[in-house]
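Take a look at these structures.
Each of the next two complexes has subunit A plus one more chain, namely subunit B in the first and subunit C in the second.
Let's turn to the complex of A and B:
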């Protein structure tokens, strides 16, 4: 019984931190209609600023908190300036992508400046604990509770009684009308980003002190948890975010109590999916489901794709095939092999996200399914690669489609959140289903690719195999785009309501897009598994999903050739120029930011 | 013999407001019926329910005798009901031709075999392999799309491969109608087809709609331009505040006191104007 109360207290304390994150996200969503993916980065930076202040300046706690709040508030204002203000009126997805790019940049900067190793945050809090009804509470618990309650009260007062607070609420209800009435919407946005970021930074500091541990990798998880808490409370709903945070904290805490720590995130994402499916408007809003506005109309940047003449594309393909005849430099061939595999992933994503308009942030999970399926078929059943790879692709197509099927009725940002969560769930199931997947230890000794009894072990053979896969997938996808399916998928992307009114069954065509994409990604995942001969739950992580999205945007959404170009540029070039790994993510982030700002239609244009 | 469209006791509430209140309305084969009324009278809500985008709280919608009020929009489209949208919802990043071809989606037969379960996979395979049958179907539809676009003179035909977002507002409205015609509708729902058009363009549109009527097409029209309504309609149904206040031939409706009151307010046009001038 005591331990139950302990877990409850623990859940509420962590829930408080989630609430701090979610409140910020909700405020930002309210005024800017944007899920700020850089929010977790602010949280991390808050933790590091606090750590630096305590370690180097030996500041007392109140001063540390003030420094963190001020630095993060300025960071928030900067984020608004970079990721939001210049993108007003651009495609609706643009600010979201910009915040993803910013989070890459910020996280990587933290890692470069402070090293990727975890740090301990010294706390000058007194060491006393009090026992209330058999539960032992420390100063830290009280501090977190106090910060939560005080900031909620201040926020309430601000929104309710100040002039700027009125302006924030007016902007949240109707940005255009507020603008017409003389509200300085930019100032409102700045203020909201400042407040949200100050709260997020404080959350990071408190978590660092609570666990006495901070590291740069905490950012992504923090964003996810904040988003989950926000969806539970109703996206954009501030009181809802507080309750959502508490509910998420408790669910996680009880989940840990029942099943152990490695299940913690599984519970968080399962809760998210439950809410997305049964109460997509959160706890507080009822009504007719997600808005039916034609939100997708401006989802992709309108443009005329650049069409290269056939002979040009053909000669590029021939050059790619001929390359191993000219050179046998293993480094070059291996690098390009990686680029070809990335290109298959990008092709699958550009169909789903670009052509069908279902922005998927969990595409790497398909690689994982394909990789594990082929590896297990080979290891457990002794299937040769010629059978296990296509079989794995079919399994990926079926399983991938089934997993996202419940999310088909979601729109806009929600489908992105859902696919992100589904991707995380796949990775967590792999981690926890030790009997099948080997858990964190992974699978070892996956046999190499073979063809009619001969192992493909030369770099050339592997290079050609992967290139052939790219060419086949690209040709098939091109043919698909030229058929009635291409037209139907794109119509669905442009306006689901109009498409449905003309007889397009949304479920059917979304399923077709995911199945085709799943098949391609499954092939890529399976081949990767055989090439690496080793897989674990982190081989295909969510960062790869975001990288794939960057490739797709670089090439032009829905653009087949663009996806290949995007993959070669982002995977091949940094490798060839031997850019150190830690700078690569930074480059990806900057590329994404620049693209969204200056060339949202990508290099070759949206199709 | 069931009527082409029959609406019985249709009701839709949003919160406490009844947008449509026990509406009865019928359209016969080949008939041209107009739905008029002030803004907020429930006209578009009615369209939304007939086309399956919204669900009625009460009442029935029968299409050729079949109840359709619980069917999803794609099934209703497959039965042969096409609609245009009040504010225009063309597919912005699709070409003019593709917009029209999408209108014919429900008519695809060769490429969309109706096999249970594996139907979608067969559709994918046929789209990739494209046997002669499928190619012929696509080519025939393309010819037909050009023919339909030809109805609009040289407004759309020279812009066949332009993306829809680059069209003028009036052309987008035309494209909507072209897309609807490609479905070969057994019932065509037109929601303010001349909204935002100048007098010349309105006249052109009126001629086009008149031509569709002559061809025997069954049409239900929402329109504010009463000239056009009175000119084309076999019957006019007037809604106000969600309820039907009058129905009959254009002449009968034109002189109905309830209609005049709904349109002009209680005290006639002169005083309404002076009130407007004084302001609130």
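Let's turn to the complex of A and C:
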């Protein structure tokens, strides 16, 4: 019984921290209808600004907090002004990509300036503690709770009772209408980003002090948990974010109590899925919540896709096939092989996200399923690659569709968040199901690809194999898009209600899109497993899902050739910038931002 | 300017400086070692310079640079300067395979080092093995790493040596019931398995075993589980950053259970991050700057002089590895196969970690790392005085 109280208290303590992150994310989501992936980076910068103030200026805590809040508020304004405002009226998806690019840039800057080493952040809070049951609470626990609750209360009052608050809410409900009523929408957005970023930065500082530990890589997890907490509280709902954080903390804590530490995130993401399915508006069912308009569809920037003539595409393909005959440079062939494998992933995602309008942030999980399936078939049953790869692709198609099936009734951002969670769950199951997958030890000695008894282990053979897969998947997908299936999927993307009233069974067509996408991704994952000979839970991580989405958006949503171009560009760029050593990811992030800024509909345009 | 060029220039500048220095001295005997000159010999390094593990890549570089200073001042390898090219992989398998192809196709590269994690390193192993370029993983403790083929070698301390010693230390300290917290990676899982088996033999009972994720920050609920198992001691199988987080939280939640940590936490950073909570932590290390052995003392003195900071385990293994390879190249030859064969034959290379390093040609690993038992006192690592703890 005392343990139960202890788990509860501990859950609330960590929930506190999630709440602090969720409040800022909720505010931005509420107004800009945007998952701000750069929020975690602002949090990291806040922590480092605080560290610098304490270390070099020896500021007392209130002064440190003020400095951090001001610096991060300005940073928020700058993010909104420089990276996001120019994207207004362009594709709805562009700002999301911009925040991803920004998070790369900001995280890398922190790492370059402050070194990747973790640092200690001393706190000058008094060292008193109160015992509750078998655990104790310190001054920092109360400070974090106070900052979270007070800021949420202030924000609530501000949104509810002040003039600027009205303007913020009006902008959140209908940007165009607010603009017509004379609301300075840009000023509102600036204010929102300033407040949210100040809070995010403060969160970073307090959490850094709490753990006496900050590092430049802390931002991604922070964003992830913040997003989960705010969805549970109801997206865009500020007081809800506090409760969402608490509930998430409690669930994790009880999860640990029941099954052990390695199940923590499994519980977190399962809770998220439960909420998405049964209470998508979060703990508070206030009205309809955020408008459930599709993320792409009517929000796709009206662009005419660049149509390359057939002979141009064909000659590019022939050139790609002929390349290994001209050069045998292994590095070039390997980089392109990587690009072809990425292209298959991007093709699968562009069908699901671009054509069918189901933005997926968990696509890497399909690679993992395909990779593990083929590896296990080969290792445990001795199946040759010619059987194990297609079999793995079928398994991926079936399992992948089954896993997202419950999410079919979701719309817009919710699908993205649900697939993110499903992806995390797959990877955690792989980690914990040691008997099947080897857990963290992974699978070793996966045999190389082979064809009628001959190992395909020369660079050329591997290159051609992967290229053939790309071409087949691309041709199939092209055929599919031109058929009634493609038209039906696009109709569904544009307007689900209209499509349904014309007799389209939404579930069936979504399942079809996911199954085809799953099959393609499964092939890519299976081939990767045989090439690497080793797999573990980190081989296909969630960053890869993000990268796949970036490729798709970059190439142009739904654009088959665009997906391939996007993959080649995003695999190629970091390699091209290799000479820049530590600076290359920074340059990559900046290039990404510029591309989004000047070509938000993608290089080849949306289809 | 690329890193490659920077290094080249740096070593050029150094040889010029040394040459003039020697000329000025004049009195040096004719057989004195002269600075290396001519076409440099290149080692390819694949490791994280950006991303989540970037700090470890940065630590490697410090160890490499120090060792290269030493090697090149003593005439390099076969009279030629030794240098490395560091390619950033972010410890991402998709990038290590590309880097592997780059290295195997570059005739200047005679041996490869890294990568950091098993995920990243083992994905590239088939490429190195096929091309016949030695992949030397000096932080790869995965038991199957060197099984990738006869070109895959490692001088990483085998957990089969390390963990039984940790169990023995815990038993020597008089503990009977231990709770283990381990990093849920291939390294942590493997270590935990070996530790638990060894613990049985030493009369230790493992009363709880908790795996945590590398990016986990909050351990309060885990510690309730640990407390409820009523251990005499908590054993950490961690790196320094996460080890420090846990140690701190053990003390802030009010647990007074003694802590025994595996040697991988050994770093000045551990004490900095854990603060006062680090006091009383028992650990053992393969590398202890306070140890009175010439190899260790030379390394530590030089490291402090160059970087004005305390070296840690990662610095030491990186340093050791360059010294080892320079020895192999000097005694055998500079081509890829000769280096592979040389690794199998070379005996008793001076080493900070091993004292004297000799490979077992079957496992392609080095057995028998030494260890020093330590305890943290007043924010300093000090050798264990043999006293059993009563309570903290």
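What we mean here is this: the second predicted complex is superposed on the first by the 537 of 607 C-alpha atoms of A that agree within 3 Å, B and C clash if a C-alpha of one lies under 4 Å from a C-alpha of the other, contacts with A are read in each partner's own complex, and residues count from 1 in each chain.
The rule is short, and it goes like this: a contact is a pair of C-beta atoms (placed from the backbone, for glycine too) under 8 Å apart; a residue touches a chain by one contact, two chains touch by 3 or more.
Small disclaimer: the values here were computed from a predicted structure and weren't measured.
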Broader residue contact with subunit A after superposition on the shared chain, subunit B or subunit C: C
Partner chain in contact with A:490 - subunit B first, subunit C second, else both or neither: first
Contacts of A:264 with subunit B and subunit C, given as first, second, both or neither: second
First, second, both or neither for A:502, with subunit B first and subunit C second: first
Touching partner for A:120 - first (subunit B), second (subunit C), both, neither: second
First, second, both or neither for A:516, with subunit B first and subunit C second: first
Which superposed partner A:585 touches (first subunit B, second subunit C, both, neither): second
Subunit B versus subunit C as contact partner of A:476, first or second or both or neither: first
Common interface residues of subunit A - those touching subunit B in one complex and subunit C in the other: none
Subunit B-facing residues of subunit A, complex: 292, 294, 297-298, 300, 302, 304, 476, 479-480, 483-485, 487-488, 490-491, 493-495, 497-506, 508, 511-512, 515-516, 606
Subunit C - residues contacting subunit A, complex: 2-3, 49-52, 54-55, 57-58, 86-88, 90, 93-95, 97-98, 100-102, 104-105, 117-119, 122-123, 125-127, 130-131, 142, 144, 147-148, 181, 184-186, 188-190, 210-213, 215-222, 224-225, 227-228, 241, 244-245, 248-249, 252-254, 269, 272-275
Interface residues, subunit A side, partner subunit C - complex: 3, 6-7, 10-11, 13-14, 17, 108, 111, 115-118, 120, 122, 129, 131, 134-136, 138, 207, 211-213, 215-218, 220-221, 252-253, 256-257, 260-262, 264-265, 329-331, 333-335, 338, 342, 431, 439-442, 444-445, 448, 457, 459, 531-534, 536, 538-539, 571, 574-575, 578-579, 581-582, 584-585
Subunit A partner contacts - residues on subunit B that touch it in the complex: 51-53, 72-74, 77-78, 82-83, 85, 89-94, 98-99, 101-103, 105-106, 108, 111, 120-121, 123-124, 127-128, 130, 138, 163, 165, 179, 183
